[in-house]
Amino acid sequence: MWSMRALQTALSCFAAAFLLGAVAFFVFGQPALAAEPAPRRVVSMNVCTDQLAMLIAGKDQLHSVSVLASDPRTSAMAVEAKAFPANHALAEEIFLMEPDLVLAGTFSARATIGLVRRLGFRVETFAPARSFSDIRDNIVRIGELLHRRRRAAELVAEMDDGLARLRAGPHSGRTIALYEPNSYTAGGGTLASEIFRAAGLINVAEELGVTGSTRLPLEQLIMARPNLIGRSSSDYGAPALAQENLVHPAFRALAKREMIDLPVAKMICGAPFTLDAAFLLQDAAGRRNQP
Amino acid sequence: MNAGRRYPVLIALLAVLTLALFLLSLTIGPAGIAFAESMKALFSDKADGVALIMREIRLPRALLGLMIGATLGLSGAVLQGYLRNPLAEPGLLGISASASLGAVLAIYTGLSAAFLLALPLAALAGAVAAVLVVQAIAGQRGGALLVILAGIAISSFAGAMTSLALNLSPNPFAAVEIMFWMLGSLTDRSMTHVWLAAPFMLVGWAMLGSLGRALDALTLGSETAATMGVELRKVQFLAVFGTAAGVGAATAVAGAIGFVGLVVPHILRPLVGARPSRLLPASALGGASMVLAADTLVRILAPERDLKLGVLTAIVGAPFFLWLVFRTRRSLL
Amino acid sequence: MTLLSVKNLVVELGLRPVLNGLDFAVRPGEFVGLIGPNGAGKSTLLRSVLGLVPARGEVRLSGEEAAATSARLRATRAAYLAQEREIAWAVPVEMVVALGRSPHRPGLAALTEKDRAAVDAAMRRMDIEAFRNRIATELSGGEKARVLVARALAQDTPLLLADEPTAGLDPAHQIALMRLFSSLAADGKSVVASLHDLGLAARWCSRLILLDKGRIVADGLPSTVLTPENLRAIYGVDAFFGEAHGAPIVHPLDLATPG
């Protein structure tokens, strides 16, 4: 049988080894994790992650953006995007680019994301931003992924600054409704609604209890008599039945004096430039206040 | 050359065509890989870039094109033979509509984001539900008419629910995703999809393929066929469940691909002397060729834009069908 | 051995009994004409014997209970010629006739020599050898009917059940068909055919079963079944009775006058 002394010695050895191991882990393990190198070949396959990546990535860090990034109707950074090779969000293309990090949207083609992961690449997905705090989170997260925390913090600070200026600016209290092809409007919980609020406007759709992107019947729009009607200023060149509501006589009578063309490209994706849309609205609302 | 020898030649030709299109499908892609190199990479066990592209990206796509085409062709031929109607096609049983509904619900509820196979499994669940309802309505002695009516009812219901999901979707991104999924596509499918679909399709092929003789006998009507030894209940079961398994799996991994099951048996029927049993293998090969060709065209015509497979089969299939009807109307008058 | 034995056969469509307890048997070598007015249940009788319509009672084919035998085995004992002459696809005549051999062939096996011989014999008997490679759906009504009879012959069963086989045929082919059925009976097989033409039934059948409102009213030689009383009571017609070339003539003349 083991003597008391032998047992005590064994226990002390065990404890010592354990402590040493813990110390070793914390001393050497942590820096090992933090020493993971920054991604040097980032490919983005979603127009929103494209733009955030272009804003945050370091020189030569971002390798490719999606084709939509250079389409001025959906991207606010179409000019900058032309400097990067374009990808069509296809697994084979992305594979050939040999990225060490892939950025995608949660609604990007599911099969493609699955296949890219299966091929061994790291894919990080981002949900579309629906509020300024979502934008903030996305910026911070991309900053961490790209090891560009300082740059991300800069952008966040700029954005907070802008929001403060907006809050300090004139709150017209005027009402606005976003009215898109097919009678779509933006109710509560959408990025557009947040933009209106930041600009000091009241979103008629939200007042009516609408949430998400849904249809607002023309009748309700007329009854609500919004001071301002925001419409997309993007013209796809081809007529669509969806746009017929916008030439309806009832709509036209209402709209003759109160239309605002919204910069859609800045409102689709949540990014620092989304604030520009809010400033634009605040100005426009303020100007229309004057006779 | 007499009729007896024409059939094996036809099958051989179709097999060669299918193989050629399969190989062609393997060579199309953004990475311009020479044919010889791509074939070598396919069979090598290296893990370099070319081999990975061939084995993980191109091979599953070609395999799925082959399998889905064969399934649609075979099931179209079986249903036309069983219902004795040249207008029958796999969608008639409501299987693809219900599978689509299952997938749409998965997207709508966000379940599809949980794991890669969530969407196909939900679609399969939809197909199973549909076939159970069809069997329940049509019963065992229901016969062809009840099966058709049940299938139409289910199709309409599933279509209505899908429209409802689209209508109520508060998220435009989800709505677009639903819409695009329903147009049918083989882009970026992986071997995981192949392994998921294969067992169901094999079961489906076994069930449908065994019906050759019964379908021949059914040429004379269901009552006469019964007196020649055909067990109608068994035939209905095999036709309905075989279609459900195969077409359900096909829709689950690739969305709705139409017209193949309708057009392929129609084209090949005169070439096999209208014998239903001979039409089965011919339609399987013909369907495989058609889907492989369409999937190749999709990548050649619009390599940058994501042209959907289901759109192409409809664009080609519908006018072709119109031409077929036009051409045969003289003999019908 | 009795080829067909029916005891207390009852068939109900909904709540209405269509066949009300029928009893009869058919032995080898008989050409049985099944006659009766419209709605008597002739078609239903033939279909229920073959299991195409749910029925109660005992039906035995070649001694064994029909319900207890497999569809394939039943198909080797009794062949059926339906009233609807359906050919769904534009297939060659040879294939249609060869379908009659399917109960004898397992799986998708090719035709054996015996099968081919049976098919050829059937086509010869029905005088359609010239049509061998023609498309069945392109034939005239009478030619199509002969092709379908050939199919039933190729099935080579001891018993043949035919539902209005002479409908739509010209006189020559009607008689040819009656001759064929007689010769089948002479060969030891049996035929049960439902007929509307009383003249044909009288001249060619060895036995008649008269059905009315789901019951067997008379069963026996044509001379005992086709009596003026029966014709008046069941069919409501008066007929001419005579004889020519050693066989009876029965020809309906006019609606029966009361009294």
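Each chain carries a letter (A, B and C) given by its place in the written order, and its residues are counted from 1.
One rule holds for everything that comes next: contacts are C-beta pairs under 8 Å (C-beta built on N, C-alpha and C of every residue); 3 or more make two chains touch, one makes a residue touch a chain.
Because the structure is predicted, anything quoted here is derived from the model rather than measured.
S.K.: To reach chain C from chain A by way of touching chains, what is the minimum number of steps?
M.R.: Minimum step count, chain A to chain C: 2.
S.K.: Relative to chain A, which chain's C-alpha centre is the most remote?
M.R.: C
S.K.: Can you work out the whole-Å distance between the CA centroids of chain A and chain C?
M.R.: 80
S.K.: Averaging only over C-alpha atoms, locate the centres of chain B and chain C and give their separation in whole Å.
M.R.: Comparing mean C-alpha positions, chain C is 43 Å from chain B.
S.K.: Distance between chain A and chain B based on Cα centroids, please, to the nearest Å.
M.R.: For chain A versus chain B, the centre distance works out to 39 Å.
S.K.: Can you list the residues of chain C that touch 2 or more other chains?
M.R.: Residue numbers touching two or more other chains: none in chain C.
S.K.: How about chain B: which of its residues touch chain A in the complex?
M.R.: Residues of chain B touching chain A: 29-31, 49, 52-53, 56-58, 112-113, 116, 119, 170-174, 176-177, 185, 187-190, 192-193, 303-306.
S.K.: Can you list the residues on chain B that touch chain C in the complex?
M.R.: 3, 84, 212-213, 216-221, 223-224, 226-231, 269-270, 273-277
S.K.: For a test of understanding, state which residues of chain A touch chain B in their complex under the given definition.
M.R.: Where chain A meets chain B, its residues are 67, 88, 90-93, 95-96, 98, 105-107, 109-112, 114-116, 118-119, 128, 184, 211-214.
S.K.: Flag every residue of chain C that touches chain B in the complex, lowest number first.
M.R.: 47, 50-52, 70-72, 74-76, 78-80, 82, 84, 86-92, 95-96, 99-100, 102-103, 107-108, 133, 148, 151, 155
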